[in-house]
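In what follows, a structure is listed as structure tokens, so that the remarks can point back to it.
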Amino acid sequence: SHFSGPLDLLLSLIRDEQIDIYDIPVGKIAEQFLLRIKHLKLDEAADYLEMAARLMRIKAQMLLPRREGDDAWEDPRAELVRRLLEYQQVREVVDLLEQRNELRRNRFARAFLPQQLPVSSANRPLALSLGELFAAVDRVLRVAKQPTLHEVVPRAIDVDGAIGTIRAILELRGRARWNEVISADAEPWQVLSLLLALLELAKAGELKLAQPRAFSNVEITRDVPGEAA
Amino acid sequence: MTSLAKLLEAALFASAHPIMVDDLINLAHDKEVGEEEVNTALTELKEHYDTDEHGIELMEVAGGWQILTRSEYTEAIERAQLAARPQRLSAAALETLAIIAYRQPIGRAEIEEIRGVGAGAILKSLHERELIEVTGRAEGLGRPLLYGTTPLFLEQFALRHLEELPRSDELAIALREPRPSETAAVGDAQL
Amino acid sequence: MTSLAKLLEAALFASAHPIMVDDLINLAHDKEVGEEEVNTALTELKEHYDTDEHGIELMEVAGGWQILTRSEYTEAIERAQLAARPQRLSAAALETLAIIAYRQPIGRAEIEEIRGVGAGAILKSLHERELIEVTGRAEGLGRPLLYGTTPLFLEQFALRHLEELPRSDELAIALREPRPSETAAVGDAQL
């Protein structure tokens, strides 16, 4: 794919359709996003599916009734707009970096170097000061982990978020495999969140989990009410 | 050419990377030679390459000076397999570099948040190419590694220094300006 | 210079090895350019370097043609490299050195645990610089090497003895002596 990620794809859709980024018709764009990732065979990539799920969530939030003149109403699209604008700026910098990189790629530096002098960095004179050493001590003190105490990182696991993602994906596809709902280099907390979310949903009877063989991919199937469990 | 310019030329020819002005001053090994003299000699050398029509040129890059071949000869040299251009970076790698260049020091989670995709493999490969380095660790939980760009990044992107990149508020937003009512929601969208 | 001479200059500059005349002819990629034209261009380039007084010269060496720095500058370049500004230790190296100074004898695993990053390369370079030395081996599985500081370390920091390092109650967690209860676990970490 020539898209570098879901935001890239989304931005290109918005441009192609000449959509006002501050007033994205979420339903329409979500549909097109799904069509495009299916067409590009990206619909098995966790990052793209997550974006699809996010769009579906925003669409659902947009449909919630709100009272007339409700000042506290926050546009569910605001966060997405912020991220798209931020990403747009990244793309601009990339264009610039690409130009500069081409400028340099098209020039060769000197390749032949005279015999390397027997001056390894190790026998160059050193400039050391006690002040620097104490500053280093200070840094170590400030940032050092307690030796031997294994820190349990209470990183908030986001089970609700994972539940939302799984529900949205199953709504779209009916079934999915483990590696399709989480990216290969996910952080442990993300894996944990997903696992807990799957167990939660299985317990609630919303889906079925199956693993044909030990260590094989877990298959997630939506459990349609009325169908025999 | 003056003897200082000749000396600088010899030294620049003996290096594959830019040489800092301070190091060029040291090279002269002469108390009379300071920054001003070196800059004059560099200008002399640069003008000589430009006006005498050479196949090489002197460029200011990554905080120092470097002699490079002129771009019009690149294709012929590569075709003759006398030297090869480095591979282009992928769009994903360039995006990651752009984010790090502007936000350094920055951790992996923040990069992933901005790009919306995992960054582990890309960070590893940028690190292997010595375009980024670990500059420290963040405070707080998990103490994630923080990344920054290297001098080689400046060199490979023909930048004199990081400040040569446009400030984030100078980046034109290709999309239209927010309406006043929206400013709050999108105000912190800058890099 | 003629455009052929400029092309040859760029190629000779960019090539890691001397280039044979045949390859220089190929480089031109032009049926009109044969040995005679290349030799003329080489002579032009050589004379340009000689008469314009450059810091470099074109030489015919075993295997072909090559641009080299003039020998009268070699010494200056070498001297400059030798007298290069004194190097500073990186923040990472200083931190590692600080940990070793306070906790010696200490093993690599414990250092890595305190700093949270690998220490192999840094230990090697501190060792090469003779700022640290192996003082023994720990008990336990693998019998890991233990490091301590050297007399040169004291000399470099103008310390008479290690006790001159401030060792106060304020020295918190990382640099304090391990509590007895932690010792066992520290030993484990050195596996």
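Labels for the chains are A, B and C, by order of writing; each one numbers its residues from 1.
The definition used in the following text is that a residue touches a chain if its C-beta (ideal position, glycine included) is under 8 Å from a C-beta of that chain, and two chains touch if they have at least 3 such contacts.
What you see is a predicted model, and the numbers here were worked out from it, not measured in a lab.
Central chain assignment: B. Criterion: smallest distance from chain C-alpha mean to the mean of all protein C-alpha atoms.
Of all chain pairs, the one linked by the largest number of contacting C-beta pairs is A-B.
Chain geometry summary: the mean Cα position of chain A and that of chain B are 28 Å apart.
Centre to centre, using the average C-alpha position, chain A and chain C are separated by 37 Å. Mean C-alpha positions place chain B and chain C at a centre distance of 20 Å. In chain A, 108-111, 114, 143, 145 are the positions where the chain touches two or more neighbouring chains simultaneously.
The set of chain C residues that touch two or more partner chains comprises 10, 13-16, 67, 69, 74, 84-85, 91, 116. On the side of chain B, the complex with chain A involves touching residues 12-17, 57, 59, 61, 66-71, 74, 77, 83, 85-86, 88-92, 94-95, 97-99, 101-102, 109, 114-118, 120-121, 136-137, 139, 141-143, 155-159, 165-166, 168, 171-176, 178-179, 182, 185-186, 188-191. Touching chain C in their complex are the following residues of chain B: 1, 5-11, 13-14, 22-23, 26-29, 48, 52-56, 67, 69-70, 73, 76-77, 79-80, 82-83, 134, 136-137, 143, 145. Put simply, chain A touches chain B in their complex at residues 2, 4-8, 20-22, 47, 51, 74-75, 78, 81-83, 85-94, 96-98, 100-101, 103-111, 113-114, 143, 145, 153-155, 183-187. By the touch criterion given at the top, residues 108-112, 114, 117, 119-122, 124-130, 132-137, 139-141, 143-149 of chain A touch chain C in their complex.
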